[in-house]
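Each of the next two complexes has chain A plus one other chain: chain B in the first, chain C in the second.
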Partner chain A sequence: MNTISTALAVSGAGALTGAAAGLGLPARIRSWIAGALTAVVGAAGLAAGASALTGRTWSASFPSLLPLAGVRLRVDALSGLFMAVAGAVVVAVAVYGIGYARGGHGPVASRPAQAVLPLFAATLVLVPAASSVSTFLLLWELMALTSLLLVLVEHAERSTVRSAGIWYAVMTHLGLVLLLTGLALFAAKAGGESFDALRAGAHLLSPTVRGLVFVLCFAAFASKAGAVPLHAWLPRAHPEAPSQVSALMSAAMVNLGVYGTVRVGFDLLGAGSRWWWLTVLVTGAASAVYGILQATLATDLKRLLAYSTCENLGLVFVGVGAAGLFHAGGDPALAGLALAAALLHVVNHAGFKALGFTAAGSVLRATGERNLDRLGGLRAKMPATASLFALAALGAVALPPGNGFVSEWLLLQSLIHGLAVPGLTTAIVLPLAVAAIALSAGLAAAAFVKALGVGFFARPRSPQATGATESPALMLTGMGLLAAACAALALVPGVLADPLARAVAASRLTGIPPLTGGELRLRLTDTSAAYAPLWLAAALVVSLVLAGAGQRAWRRRSRRRAAKLWDCGGGQPTPRMAYTATSFAEPLQRVFDDVLAPEQDVNVTHVRESIYLVERVRYTNRVPDRIEHRLYTPLLALFAEVGSRARRLAAGSVHVYLGYGFVGVVALLGVLTVLK
Partner chain B sequence: MGLLRKIRDTGRVAEPAPPPPGGEMPAAARELGGSAQVRCVDAGSCNGCEIEIGMAFNPVYDAERYGARLVASPRHADVLLVTGPVTRNMAAPLKATVAAAAEPRLVVAVGDCALGCGEFTGGYGLASETGAVEDLVRVDVRIPGCPPEPAAIIAGLRQVTGR
Partner chain C sequence: MLSGFGVVTLVAQVLLVVAGAPLLTGVMRQVRAYLEGRAGAGVLQPWRDVRKLLRKEPITPTGTGPAFRAAPLVLVATGLLVAALVPLAGTVSPAASHGDLIVVVALLALGTVTLALAGLDTGTAFGGMGASREMTIAALVEPTILLSVLALSMPSGSTSLAAIVTGRIDEPARLASPSSLLALVALAVVTLAEAGRLPVDNPSTHLELTMVHEAMVLEYAGPDLALIELGAQLRLTVLLGLLATLAVPWGIATTTSWPALLLALVLLTIKVTALGAGLAAAEVSWAKVRLFRVPELLAGSFLLALLAVTASYFLSGA
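Coming up: the complex of A and B.
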């Protein structure tokens, strides 16, 4: 019994008792016990992952646990990284969730919700530990089902939840079908379904089959990670889920799409050819730009965060794709750096996105509003939540000293140095990828300035926002844990250098450690670049203190007089005159008019007596998801058309059905005769 | 180049400055030191006075050479040039505008209406019986006329700037 096995056993046991507690206990203590057990699941996952990141591995096989295939588990540093991230997010979100559901009111405190939450948490921790196709698919599907149930928790409150649930259910199961096909094909050709057998047998596959396996698996994993164009479920399901579930989905579940791509692409299939990784990189760059563009225009706070998840996972895929390209181009050191940057971005994104979603959940709980146009003024009412959201936004905008900057900087370093890798593809693709990352970083700044500025600053724009109160202490504690993690990731990323090197090595991509740490700085081993975030943060703090002191001194010397605001004689400005999320994003919407194709409509109603007098002007502005509009709507219409045509076959006459049977048998016999 | 040539050919069109008006300077005007930033306030005028004020600042009359300059906000202004009979709707904005200008400030009432003896005296909708600016705020300089000629407006402003 080593740490990992103990921790995994604790995690499984915690999940089962948590589910039982959620089902059996009375409402008063249900959320406490189930929440505490969920936190135990997360802590155990964190411990197992951290232990694996120190270089330990553990594997086990339980042949009798499931019929036919049994259960195989193996934890190495790559699994450990994703387990640790999921575990850490689960701990913080579980603590937050106890506060969120306290008092036992609301659908999130109900029996089903509280029973499913620990199970979902456990699958998040356990999916990376699976080491056979059947175990992986089982846990993957369990994760999809439990998260689907949790998305549907508030279905009685809003009808949009149901439609989001249907989208999610259909897309995640289409993904499962692709994954099942891909992995089954792989297992059949490689002669075994354990990951060891797949790894050993990968060279038996022809390049075409390997490519097919990769494409099928990558499509499924990209859909789980919300990559364009398979993202349509994400901006629906993440906002409609209860906030702690959104945080878990956006910060832990989507990561497993990356894990799957790295595990199958690099480890099991052995990195393959150049076009695979070109596909990954282009998909990633497209989702990064498209996701953040939609986030910039979103007025729903949680939808904005969900689209930002598309963006960040896109950036991670850019890193993964670049790693594969460099590997195929014969530069293992750079490949390791790109993969390390991608994995570090997974960690950073999990930190700030979980914090963002939990803070958005606090706002939602306090005001009942997700629409930024109707929020505002929350800094005064909810100072702790506002500053925590500000920290999350700092991480998301990828500017120093936020934590998102560290990994995006590493990613850019790897792409820029990657121009040394020979080949026309890299010469064309890498500069474009750098441009895409730069564009998405700029748009991310706009999106999060909007979220923070319009949502939390200025004056309240609705009675709900006026009446907001600060969240309970447990919610703040949960968010505080995440904030501490974000701050640590931002200030001392050097401690992650060795674990990242081990995770990269576990992906079998390269043995060269890409980074060297030290508590104070992060240095690239391959090139001369280094980043010392602690000094940067110290310089920033010192300059802020100096500026503050200077302003105070200047203010003391000057004569000041309090006067009424000059309102042009027209009366005090009202909150309606302030910037809203829509008006803030309007210039950007104009710039990207051709890409986004927004729908605007001005409806003027005249007074009955005269057309020169206007009674009411109604302005509507919608920014539909264009990919969804262009790709999914025709596809759905086609399916509906085929379905309604097929219905004509079932006319209700028994004679016709008997005829179908006869024709079917004859056709089958005919086919068999030809084939024999 | 056409514009530059035009400027050179036209030369200076300003009329020669008349002798400075006598009369005593208001106390607040002395603190301004010969430079007055002027904000126009239309408190209900028929726009006749506004046209004349516009003329006073054109190149021919050139009020700026005497130290008066139009500004866009009472926050920038030392002098408020109020025109028109004060209507009910403009009474509160007028007071707010005067309050918004920094001390020391002066109010110059331009035109007969602003002095309470114009066409609209006693009319419906005035803030007071005569609509005089004086009924609402303290007035330092008075410029009569319906409308006052640019020269008269400049004479009033020169009382403030003292130049």
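Coming up: the complex of A and C.
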């Protein structure tokens, strides 16, 4: 028994006892025990992942555990990275979740929710450990089902939950069908369904079949990761789920889409040809820009965070796609660097997004509001939550000294140096990818300034926001764990250099370590660029001290006096005069008018006596998801149309149905005679 | 690499920028006054303003929080840090090895973000309006900046400013290459937007229809306002200094020689003053464009930056 197998056993046992505890225990202690066991699941996942990242591997096969195929597990550094990320997120979110559910807060403390949560956590940890098609698909579907149940937890409170659940159920199962088709095709042609057999048999596939397998699998994985245009479920399901579930989905589940793409694309199919990775890169760039544009305009705090997930996973796909392109272009060192940047961004995104969603959950718990227009002034009422959200926002805007900047800097470095890779494709695609990353970084700054400035600063805009109180200690502890992780990732990312190199090597893309570590610096091996986050943070502190000392040395009077707001002589402005999220985003909405096609409506009601006197003006502004509008709505309408026409076939007469059966059998026999 | 010479270079460079930033604004206002036929307040007026503001009583407007209080410090601190990171006077300095062009751009953006948050923190309509406009412009500026960075860093194969500058001094042909020229023009346009100058923002207006930067800082008074003013001046100075360093790098000390450092400091003063005076002279004949025409300007600069990258790829014979 080594660490990994022990940890995985603990994780599985924790999930099962947690589920039993959630079902069986009385409400008073249910969330405590189930939450603690979920944390155990996460901690075991973290231990297994960390152990794999030090270079250990472990594999096992349990032929009798499942009929027909059995269960095969294998943990290497690549799986380890995703297991460790999922495990760490699960631990923090489980601690937070105990506090969230403890006040008997809503349906999330109910039996089914508390029973499913440990199972969902376990699938998040175990999916990367699967090493055969059947095991992978089983765990993948288990993950989809448990998360679907958790999304639906609050279905009795809001009707939007049900619609979100239907969208999620349909899209995740369409994804499953694609994945099943792709992997079944792969297994049939490669002559075996274990990952080892697939790896060994990948060369037996013709290039067309390999491309088809990749496209099918990538479509399924991209949909799970919320990449445009398969993202439609994400901004619905993530906001409607209870906040700790949103955090798990947005910070851990979407990552597995990236894991799948890297595992199947690089490891099993052996990197393949250029157009695969061009597709991945373009999909990623489009998701990044479109996702963050929608986030900038969103007024719902959790929806904003969900769209930001689309953006960040888009950036990860840009890195993965660039890695594939560089590999196809014959530059393995740079390919390793791009993949390392993408994987590091997965880690960083998990940190700040889990923190963001848990902080948003605290706000929701304290105020019952997700609408930024009706929040505000929370920094005075919930100072700890506000500062934790500020830390998450610093990570998300990709500015130093936040953790998001480290991986975006690395990603930009790999793209900038990628122009040295010969080929016209790279020369055209890479500058545009750089521009897309830059635009998404700029828009992310606008989106998170809005979320923090409108949601947490200024004065409360509704009675709910006025009455907000700080969250209980356990929720703050959970968020504090995530904040500590974010700070560590921001200041000493160098410690991840060796683990990332092992994960890249495990993807079989390249054996060249992309980064040289050390505690201080993230240094690129093949180029001269270096970024020392700790040095920069220290220099920033020194500059702040200098600026403060300079001001102090010169000024004569040090006592601050409180005074009324000046507001250009306008007197005391009321909270209704402050800028809302909608008004904040209005200039950007106008600039991107053609892309977003917002719907605005102004209704003026006149006084009955005179048309020159206005009684009421009603203004509505809606920014529909345009891709959804253009792509999904016609498709759904088509299905509805076909369905209503097909209804005519069902006339209700048994004779007709028997006739259908007869015709069907005859037709089948006819086809068989022709084929034989 | 903590040599005495390096430390002196660093300190001299930062001190020159801090002392010179208000003077640069003074010179620019004086040039403007001269061209408009006014006497002007003198080159030293910005320093006198800073001194007067620092001596006033610190004021905390009701309803503002830590973000409002911290923003002036962060603005000045990022300005100082950028002044230390960019090899304005010499490439031999303890900070130069950290002077990555992307980091410099990100630090300037950090200052913008903090100020926008402070604007929203006041809870006034003006603060929100300024923040919203500032973030809109900042978001649209970003692609141009990074593409210019890409174009400028391609010949030397590094985004390290020291490497770029050394490369450009050693091979003057790089300075006149079409790619470099296009990138510099694009960078100059976004510099105007980043520093809040005409035609994007008018630094001397208080008209609610047009102000961007001023709307965010309306609630500041006394010592806080002094830091905000100083921060904005620092920002303009380092941006012009960065432009000068990239466009005309001659004179920047690349070795540990004391006369070279002295010459570099003098040349830096001359270069930045000339750029500032030129900008002031040009601004006299420019009008501020409408906010919703700023994206057109920035789209134009983006196109230039894209052309710069393409040119550097196709003309380098690859």
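Everything below uses one rule, namely that the second predicted complex is superposed on the first by the 651 of 676 C-alpha atoms of A that agree within 3 Å, B and C clash if a C-alpha of one lies under 4 Å from a C-alpha of the other, contacts with A are read in each partner's own complex, and residues count from 1 in each chain.
The rule is simple: a residue touches a chain if its C-beta (ideal position, glycine included) is under 8 Å from a C-beta of that chain, and two chains touch if they have at least 3 such contacts.
From a predicted model like this one, the values you see are computed outputs, not experimental measurements.
Trainee: Looking at A:P107, would you say it contacts chain B, chain C, both, or neither? Reply first, second, both or neither.
Mentor: The answer is neither, since A:P107 touches no partner chain.
Trainee: Where does A:G569 make contact in the superposed view: on chain B (first), on chain C (second), on both, or on neither?
Mentor: Only chain B; A:G569 stays clear of chain C.
Trainee: Let me test your reading of the model: by the given contact rule, A:R590 touches which partner, first (chain B), second (chain C), both or neither?
Mentor: Only chain C is touched by A:R590; chain B is not.
Trainee: Going by the contact rule set out at the top, does A:G192 touch chain B (first), chain C (second), both, or neither?
Mentor: neither
Trainee: For the three-chain arrangement built by superposition, which of chain B and chain C touches the greater number of chain A residues?
Mentor: With both complexes superposed on chain A, more residues of chain A are touched by C.
Trainee: Which positions of chain A sit in both the chain B and the chain C interface?
Mentor: 563-564, 566-567, 570
Trainee: Give the list of chain C residues in touch with chain A in this complex.
Mentor: 51, 54-67, 72-74, 76-78, 80-81, 84, 95, 97-98, 100, 102-103, 106-107, 109-110, 112-113, 116-117, 119-129, 131-133, 135-136, 138-143, 145-147, 149-150, 153-154, 157-160, 163, 206, 208, 218-219, 221-223, 226-227, 291-292, 295, 302, 306, 309-310, 313-314, 318
Trainee: Over in the complex, which chain B residues touch chain A? Could you list them?
Mentor: Residues in contact with chain A: 73-75, 92-94, 96-97, 99-100.
Trainee: For chain A, which residues are in contact with chain B within the complex?
Mentor: Residues 563-564, 566-567, 569-570 of chain A touch chain B in their complex.
Trainee: What part of chain A is in contact with chain C in the complex they form?
Mentor: It is residues 296, 376-377, 379-380, 397-400, 405, 409, 412-413, 416-417, 419-420, 422, 427, 431, 434-439, 441-443, 445-446, 449-450, 452-454, 457-459, 527-532, 535-536, 539-540, 543-544, 546-548, 550-551, 554-568, 570, 573, 575, 577-579, 583-588, 590-591 of chain A that touch chain C.
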